[in-house]
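Note that the chains take the letters A, B and C in the order they are written out, and that residue 1 is the start of every chain.
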Amino acid sequence: MSESATVFEGEELSGGSTPSASPEEAKKIAGKSPMKLAWMRLRKDKLSMVSLTVVILVVLAAVLAPFLVRMGVLDPFSYNQDLLDANTIPEGRFSGASAAHPLGVEPGTGRDALSRFWYGITFSLIIALTAAILSVVIGAIIGIISGFSGGWVDAGLSRFTDLTLSFPSTMMLLALSALGLELIQMVTGLPNGPLAQGIYCTVVLAIFGWTSTARVVRGQVLSIKQREFVEAAIVLGASKSRIYFKEILPNLWAPLLVLVTLMMPAYISAEAALSYLQVGVKPPTPTLGNVLTDSLKYAQVDPFYFFMPAIIIATIVISFNLLGDGLRDALDPKGDR
Amino acid sequence: MVAYIIRRVIVGLLMLVAMSFIVFALFMKNPVDPAQFSCGKNCPPERIEETRQALGYDQPLLVQWGAFAKGVVVGREYPADEAMREANPELVTECAAPCLGYSQQLQMTVNDEIAEAAPVSISIALVAVTIWVVFGVLFGVLAAVFKGTLVDRGVVGATLSLYAFPTFFVGALLINFVAIKWGIFPAPGYVTIAEGGVGEWLLQLMLPGFTLAAVYMAGYVRMTRAFVLESMSEDYIRTAKSKGLKGGKVLFKHALRAALTPLVTMFGLDVAAVLGGAIITEDVFNYYGLGKLAVTANETYDLPTIVGLVLLLGALVIIANIVVDVLYAFIDPRVRVA
Amino acid sequence: MLKKRAKYVAVSAAGVLGLSLGLAACGGGDGGGSSSASTLTIVAEDPIDHLDPQRIYVGETISHTTRLVYRKLLSNPASTDPKVSSKPIPDLATDEGTSTEGAKTWSFTIKDGVKWEDGSDITCEDFAYGASRNFAADELTGGPGFYLTAKLALKGEYPGPYTATPEQQADFDQAVTCDGKTITYKFKSPWPDFPLAISSLHMMDPYKESEDKGAKNDDVIFSNGPYKVDTWNAQKGGTLVRNDEYDPETDDKSLREAKPDKVVFKFGEKATTTYEKLFSDSPDSQATIVSGSRVPPEFYPRLTEAGVKDRYTQVQSPYVDYLVPNQNQMKDPNVRKALAQATDVESWIAAGGGEKAYTPADSIVNPAVPGYVANPAYKDRNLKGDPAAAKKTLADAGVKTPYPITFTYPQSDTADKQAAALVEGWEAAGFKVTLDPLGDVYYSNIQKPSNKADVMWGGWGADWGSAMTVTAALFDSRQIEKSTNGQNYGNYNNPAVDKLFDQAANSATIEEQNKFLQEADAVMGEDVAYIPLEIATFNWVNGSKVKDFITTDASSSYPDLGPIDVED
């Protein structure tokens, strides 16, 4: 299998082979204080700093949302149908924006639009981040074992990686939804609610998303394996697991960080697509995908509501992508782009 | 070389076998009854049992899988249960090799379903691939040549933005505004070449083609840009330049050629993916291709169709990989020994 | 939501409330005869469930197939006058039929010159065979055949034509007899409105035995009407072209004028997209009408636009939407009462599109059905709901609050918003609500008596103009079996009510029958067997080149294809 290290082969879910780290690029990122060097380089890059700011703001917003909802500052669930006209479309311009509802209200229900977008970011980010971390953990374990063991274990795991990549992932996400959801309910005893649906999204995204990490990590391990400190550890009789986790993992944080950053936007898009296909987290729980799917209907009568969620998703996706690129360049001294 | 190809094909076949087995295990051996799943909505208990027999779900997993594999190689007959075939000869349906299954709900073989839907997916894929390759490479070269300028940023920024908006939003936007409100393109509806001629066919494919291409274009722009930049800084290009070769000639003769190999790789895999049906694009535009077929099969709980489609797509990706690897081996002989 | 509601519904007969605007009243005009081939396109988001005449049970499908491909002994005229459209007239039969023995026997004579699409005559035996298919309910699921199977004068069990022994077949053949071109049906008890059952459903349609492949034929149309299938795919739709074997001389213009040369069905397009095209009069939508999906709420503000106004039809539907408490789960009547008190119908309506989309309902029976009276329990209720009173009722019931309930409903974007609208009121009263939206499995889930949902959504319209086909059809406990509760989703079981249903069934007059049914309804109100929500208003917009677009009682307020035409 060729080395196109796509973060997530989710076809239209997240884009074919877009913004991604290729193993060659991510290789050999080590130095005396790589963090400091990288930070210096990153700071010089204006675009990365802007996207870093946006990303920090988005994450902060996501973390704050549940507290704001609890405090009653954000209210994504209450109906305000008195704000709608006889056709149940918000009265006034910009979806009926007012001081109480800065981004207006949702047609049909009068739920506060800002609250729904904001809280939606939280749910989407939770799904994306959990799925990204899960993917990286699975990928790292498989990559380390594969790279370190070599021989038939390596060959077998590499074929397994190829096999996973060969599955039509979008179709699998769709086709497994009924089975997967049922299975999750049985295993966890959860009712068919947002939690079970969220777990389904997270798990399937991770199941089909770990391959790029495994490839990158395997490549890293192969190159690190040759270095003196690892060889020394082997000579000194260090146990295998000690070598895996004590000696090799610290050298992997840089490429893994890049991978997670680049997986985030892919998974945020994927969550949206799953919601569109009715196999994601179901409403009334707001996720970016749910809000966007709902907004599609209002292109003509409420254009503001039509464009807002899409612009929010796009902004988040672009920021994470640019940050990921910036990080990769900053962490890779050779990079001249 | 021949030995390499043979080796690659054997590995590919083994992967297909493994994949089909995993798919079978996944869908047939789990807490959800596959017979109920294939019988459709509002299915009474008697029909479930009948479906179980007709599709052979009453057999052990290995037997089912063996029957399926045999069907792929030499074809088979449905209902799967022999006694049932003898009792109701009028119900027997022939499914020629490579038989991918039988949909109890649509009362037709999965092969026939695919044969009906595939031309739509292939059409969309053709247009999309053309758009993204032509513009992706063109913009990529442009961005590389004008590195650091407004052109570079504009091109990269625009394609990244296109990629960042979810596909279904881009599709809805095009339908609502470009087609319906402004009337620049006709409201989408698939027309075959036989019905409307090449012109009409192409016209109807522009919007879905663009929607699908928007997903992939950014990747090609970035890839092309990166490799052109990288190869332009390589020694032999510098040599060529210093020898007085003109910029354009250097660009196309040397730099682009260097970028070609990785592009071909990416291209092969992406084409395989879109040939298998663009689920969201087809759903948004209601073009009845393989992707839309998958969506309806999932909505109506049509398990045989789902299994058949998954395996077909998997096979496409595996074949694409083999082709790409072999091409690679031709371009770069070192690969063969690896 | 809509699709499923449609599933169980046919025609409401004597509806007077039908309010047709715009083009609806035309009718006459130059009467078609266009020079070039005209094509009418019918777009639907969801495919048609069944096309086998003995399996069709969706009001709209019944109407479309009646006008296009399946003629019946008697059919209802396509007229905006409910008095006309609710009175069956001869179609394949020579007259309205004759009944003897106090409506226990019915005979019809088949017209000469009526043919199947292959040119063969429609025979009496075809009708007898069609009737026998209603008994093969495990093979041919989904149909309304229970009306016939409950009534036909059989001596023993009859399992339908596929598996019947010769004796069983002989038993059927004595109940349905052929004498030349005259078919006679014998029933166990009087069936005075049998003609309405014929004209409102397809269960009594003829079926040609040599064409029968059982369940395999679910999407096969073997026509005897003015059109026949050219191409058809169950998921995508298809094209109907003129049927040369159809002779308009044998037909009545008030049943079908068959003006377009071709009728194209297109399934799968999202209703939003379809209406987007219609509203902007996009060239490819000008000869289009929509099936199934009414104008979605997001288009309401644009209904008054200049180019749209005259293509807009608003009509009250023959359905009632309601909530059903599951009697197996919510056993305490006071808890059910609290739920009813806390139900915020106004929010539900607003979340579904407001006053253009719904009118509040106060009974399970649609006001257009003879015998309708408001249910005393819901006559003067507070439509906003009264959480405070409900809280008190719940406290009096002595149950632990918050009282956990699960509300299940067929999933759709609008239904999601409507369901969430109810949650607020219920939770204010002391319930803790879990929403469980379901997809295609909705009805098969709630039809299981073991279903664990506490509250369910239902939608129903009379099969014909008789409250029997509503009240008794939905709440008679004797349809509850081990694996299914039929249409009694709430597993409501009150012997006193069952007795009233029996008295109603055996009543000599309609007035007496309705008295018993009204009495039963009052008891059901006390028991909170159901909570009425609303009556949907249907909003339609048709393409600009579509002429004579009407909705009638015969088409359950969906577009009636009888007189429809397309301009060049």
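Keep in mind that, in the parts below, contacts are C-beta pairs under 8 Å (C-beta built on N, C-alpha and C of every residue); 3 or more make two chains touch, one makes a residue touch a chain.
Quick caveat: nothing in here was measured; it's all calculated off a predicted structure.
*Asks:* Looking at CA centres, what chain is most distant from subunit B?
*Replies:* Relative to subunit B, the chain with the farthest C-alpha centre is C.
*Asks:* Would you say B-C or A-C is joined by more C-beta pairs in contact?
*Replies:* Result: the pair with more contacts is A-C.
*Asks:* Could you please state the distance in Å, as a whole number, between where the Cα atoms of subunit A are centred and where those of subunit B are centred?
*Replies:* Taking the mean C-alpha position of each chain, the two centres sit 23 Å apart.
*Asks:* Measuring from the mean C-alpha position of subunit A to the mean C-alpha position of subunit C, what distance in angstrom results?
*Replies:* 46
*Asks:* I'd like to verify one number: the distance from the centre of subunit B to the centre of subunit C, where each centre is the average of its C-alpha atoms, in whole angstrom.
*Replies:* Distance between chain centres: 41 Å.
*Asks:* Which positions in subunit C are in touch with at least two other chains?
*Replies:* 276, 439 - these are the residues of subunit C that touch more than one other chain.
*Asks:* Using the touch rule from the top of the page, what residues of subunit A touch 2 or more other chains?
*Replies:* Counting only residues that touch two or more other chains, subunit A contributes 293, 296, 299-300.
*Asks:* Provide the list of subunit B residues touching at least two other chains, using ranges where the numbers run on.
*Replies:* Touching at least two other chains: 176, 181, 301.
*Asks:* Mind listing the subunit C positions that touch subunit B in their complex?
*Replies:* Those residues of subunit C that touch subunit B are 138, 141-142, 213, 215-216, 218-219, 233-236, 268-270, 273, 276-277, 280, 282-285, 439-441, 443-444, 483.
*Asks:* Could you list, by residue number, the parts of subunit C that touch subunit A in their complex?
*Replies:* Within the complex, subunit C touches subunit A at residues 272, 276, 279, 296-302, 347, 350-356, 411, 413-414, 416-417, 420-421, 424, 434-437, 439.
*Asks:* Spell out the part of subunit B that touches subunit C in their complex, as residue ranges.
*Replies:* Per the stated touch rule, the residues are 40-47, 90-91, 106-107, 116, 175-176, 179-181, 183, 186-187, 189, 286, 288, 292-293, 296, 299-301.
*Asks:* Considering the complex alone, what residue numbers of subunit B touch subunit A?
*Replies:* It comes out as residues 11, 15, 18-19, 22, 26-27, 30-32, 37, 160-161, 163-169, 172-173, 176-177, 181, 212, 215-216, 218-219, 222-223, 226, 229, 233, 262, 265-266, 268-270, 273-274, 276-281, 283, 291, 294-295, 297-298, 301, 306, 309-310, 313-314, 317-318, 321, 324-325, 328.
*Asks:* List the residues on subunit A that touch subunit B in their complex, please.
*Replies:* 1-4, 9, 11-13, 15-20, 159, 162-163, 165-168, 170-172, 174-179, 182-183, 186, 265, 269, 272-273, 276-277, 279, 289, 292-293, 296, 299-300, 310, 313-315, 317-318, 321-322, 336-337
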